[in-house]
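Dropping the structures in below, format is structure tokens.
What follows is a pair of complexes built around chain A, which joins chain B in one and chain C in the other.
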Partner chain A sequence: MLSLLALAGVALASAPATSASPTTAVLTGASAPGQWDAGVTLGYPWTRVRVQRGLTGGWTPFVEADTALFTRWRPAVGVSLPWIDRRWRLSGEATLGWLEQTGTLAERGPSGSLAIRLGRTRGRVVPYLHAGTEHTLLVDRVRVDTADGVVVEDTARHGWTLTGAMGVGVALGGSWGLDAGLALPWVDVPKPSIPGVHLALQLGGGR
Partner chain B sequence: MRPVVSVILLVSACSSISDEQRIAIDGVIETTDGDAAGTVHVSVHHGWLGEGLLRHPMAFIDRDTVEAPGSLDLVFDVPTDAGGEGLVVYAWHDRDGDGVLCSIDGDRTEHAGAVVVETWPAYAATIALTLDTPCAGPETFVP
Partner chain C sequence: MRTLLPLLALGCAPPPDGATYGKATLPVTDMHLHTGDWALIRGSTQRVLAGNFPFPFGLQPEGLAESVLSAEGVLGELDDAGIGRAGMFAVYAPRSVGVATNAFIDDAATTDPDRLIGFASLSVDDWAREGEAQLEALDTALASPRMRGVKLAHAHQHFRMDDPRYWPIYEIAAAHAAPVYLHTGTSPFPGTQSEAPYTDPAYLEPAIQAHPDTLFILGHLGHDFIEDVTGELDTAVRLAATYENVYLEPSALGSAGSDPEQVFLPEAMEAMREAGVVDRIIYGSDGPQSPGFVGRYLERTLTAMEGAGYTEDEAALALDGNFARAFGLPALERP
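Right after this comes the complex of A and B.
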């Protein structure tokens, strides 16, 4: 036990907390140019994986996939750009993806989202807030068997989900960190949604 | 722009798929009160739907109206992939025109009736429906 504590102490003592840490990069949505970062979030009901790479000018393309209880899936590609990068970093991001929900309330369709990521590196600690709006094109198909043949009727509708999360990350080393937080989405507005909790690991810093 | 919209619609066309069968129902609705005026509200129901604790009778499908007792000629689209059992046509005679069956302040003698469509599934059916039970809701006629 003492060895583990000593190891953790050494890691904390030697870990610089910079805006280039993977924890800051993933939680605020912007990686340093040429830097790869990734985050794995495990929680209830949401699980998420995100990989991003910084480009010049602050642009940070990424791929991500999230799932709720492995029933609702949404893989997506997107790009993030920091708008304000001083004491606080505020980034805006946009994604294009695909929603696939199985089960009784099956849904599927192309999906797009806009979101902001707000965070600050204060020592090793990175408090953050995420908020976004996600829109999905859903088409319900009804096949009506009539005496004259099958008539297909398609009805398009709009699926709307508000996304949100808040929590605190800790940069534990130059190439890794953790965060814990709350997921506060509103899935398929106006149906009620339950909040979630998560623990996440961030890795990266590689070029 | 149009091809883009087409592609989006194409790839998302299967968000959910449900199957229905269209049935044309004709025939006659008679009343036993001798009143030939007033709208008749007609609805179609599955005899039974669901499993376990959710199993229930007279599961509502759709409704329509005819102007008065007499001939009937309506079309309904009936779900065929939800496990519904049987098809029942229920109707009641809105004698006071308030849209409510036997409302407290209205006519308390409005009559209702139901008939099982024995030939279901079919594209067409002919029924003879007699409204002879006062103030009876659909659940009164569980097949």
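Right after this comes the complex of A and C.
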């Protein structure tokens, strides 16, 4: 990853600044004040939609929804704030959402997450790295038929997922761009997870 | 591609590689595998099984489960692990894990009858009214040349180990020279009984004494899968040391999920060797569970045996020789 970042930095050091491109904005988690940006990610197993708007002071509220195989859904609202904003931008973000998983492993509950987004803000090419931790309050319900009737027992459980992604975006125009990358989550720690892949489209720049 | 591999293997099956133990390559029989129809597995058990799959496969487990659970899938797992043959269990436990009928197992074994050995079972629900019919069905199932053993799981099937009303099962098994595999210890699956009369192999002792012509294989060595602690290992080993018709099978307790620190399986292998009952150990994994599990469990078992100082000949007995003797089958040839 470090070599990838270094190569991108050397090769594109002289490219025009595109810090306001939707690709940069979405991948680094910060839109220019008053600017709308959106990203649509398609891949295996994750599909994701994110819409964000820049406010003054660097704050960028957003709404997003992701799903794994259209079986595990998590809609959320959140806010992002750049901590470092030079040639590279490092943003921190927090979300509140709801996990809804259907099928054999059905489960649901409120969730929250903290994450960082690191990405290059100069040039058309935007290498990026995302990492975060997501926590969900899950409730297991057991119904037991007893001689005195049905007894319902609810047990709270903590679900923990480490989120991560890395890839490279390319700002192809002032209002759109693409990225390709790897999803590197660890879903429901300590159970094993496999990496995912994705292609994404970013749109925006509008006010 | 995954599902094609076993089919290709059927056409031009290479000889199994066996297991590398020290400088030797030893043939392996895994006596404890499951096959079945995913749709006939209870939802709560499907959840446990799907939870073993790496994310995201557990989200939509049907296809993967079917490919692993089918006879072709089982053969593929055996090939990947270098295992020569395996037992496949019928299950009649509708209140806990579900059902895999004798007919299903017998049919599955036809896929490769030299490598897939069926274990019959029977329903013990409503025993007072259905018992005779179930015993006749078991007798019929064991008449098939592909069905060489009997599988019982008191905890899953909700009947006590010391209840003599079920002893005719052992008599039928002896009449067919079919060893009886019994789940001992608690079970991680919902809907199973966890009290001692259903899980502690000490409760089997009267039946073992009363049926010297029946071979009893104590599966899981009485391990406590609920608390994830060594359960009734000492009792299981004592029974094998005391009675010649008792064998021991250390499946599942050493899996990555049950034994992440690799404590239980080494402890069990050491205890059995120290008690002088290596000639009663029959290897089993309790797979296939998830892709690669069968091979990983074999690796963990080999490591445990090496750690406990098993000689090459002792390992060969545990991996195949004892199974062949108990089931009256020829031992597998060394690769």
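By our rule, the second predicted complex is superposed on the first by the 189 of 207 C-alpha atoms of A that agree within 3 Å, B and C clash if a C-alpha of one lies under 4 Å from a C-alpha of the other, contacts with A are read in each partner's own complex, and residues count from 1 in each chain.
Operating definition for what follows: a contact is a pair of C-beta atoms (placed from the backbone, for glycine too) under 8 Å apart; a residue touches a chain by one contact, two chains touch by 3 or more.
Because the structure is predicted, anything quoted here is derived from the model rather than measured.
Enquirer: When the two structures are laid over each other on chain A, do chain B and chain C clash or fit?
Expert: clash
Enquirer: When the two structures are overlaid on chain A, which partner does A:Ala156 contact: first (chain B), second (chain C), both, or neither?
Expert: first
Enquirer: Should A:Gly103 be classified as contacting the first partner (chain B), the second (chain C), both, or neither?
Expert: Touch status of A:Gly103: second partner only.
Enquirer: Scan A:His135 for contacts with chain B and chain C and give back first, second, both or neither.
Expert: neither
Enquirer: First (chain B), second (chain C), both or neither: which does A:Arg72 touch?
Expert: After superposition on chain A, A:Arg72 lies in contact with chain C alone.
Enquirer: With both complexes overlaid on chain A, does A:Arg143 touch chain B (first), chain C (second), both or neither?
Expert: First partner only.
Enquirer: In the superposed arrangement, which partner chain does A:Lys191 touch: chain B (first), chain C (second), both, or neither?
Expert: Only chain C; A:Lys191 stays clear of chain B.
Enquirer: By the touch definition at the top of the document, which applies to A:Pro45: first (chain B), second (chain C), both, or neither?
Expert: Touch partner of A:Pro45: chain C, not chain B.
Enquirer: If the two structures are placed on top of each other, which part of chain C overlaps chain B: 9-17, 135-143 or 189-197?
Expert: 189-197
Enquirer: What residues on chain A does chain C touch that chain B touches too?
Expert: Looking at chain A, the two contact sets are disjoint.
Enquirer: Using the touch definition up top, name the residues of chain C that touch chain A in the complex.
Expert: Going by the criterion above, the answer is residues 43, 46-47, 50-51, 54-62.
Enquirer: Write out the stretch or stretches of chain A touching chain C in their complex.
Expert: Going by the criterion above, the answer is residues 45, 68-69, 71-72, 101, 103-105, 185, 187-188, 191-194, 196.
Enquirer: Which positions of chain B touch chain A when the two form their complex?
Expert: Where chain B meets chain A, its residues are 8-9, 11-22, 24, 77, 80, 123-124.
Enquirer: Would you pull the chain A residues touching chain B in the complex into a rising list?
Expert: 106-110, 137-147, 151, 154, 156
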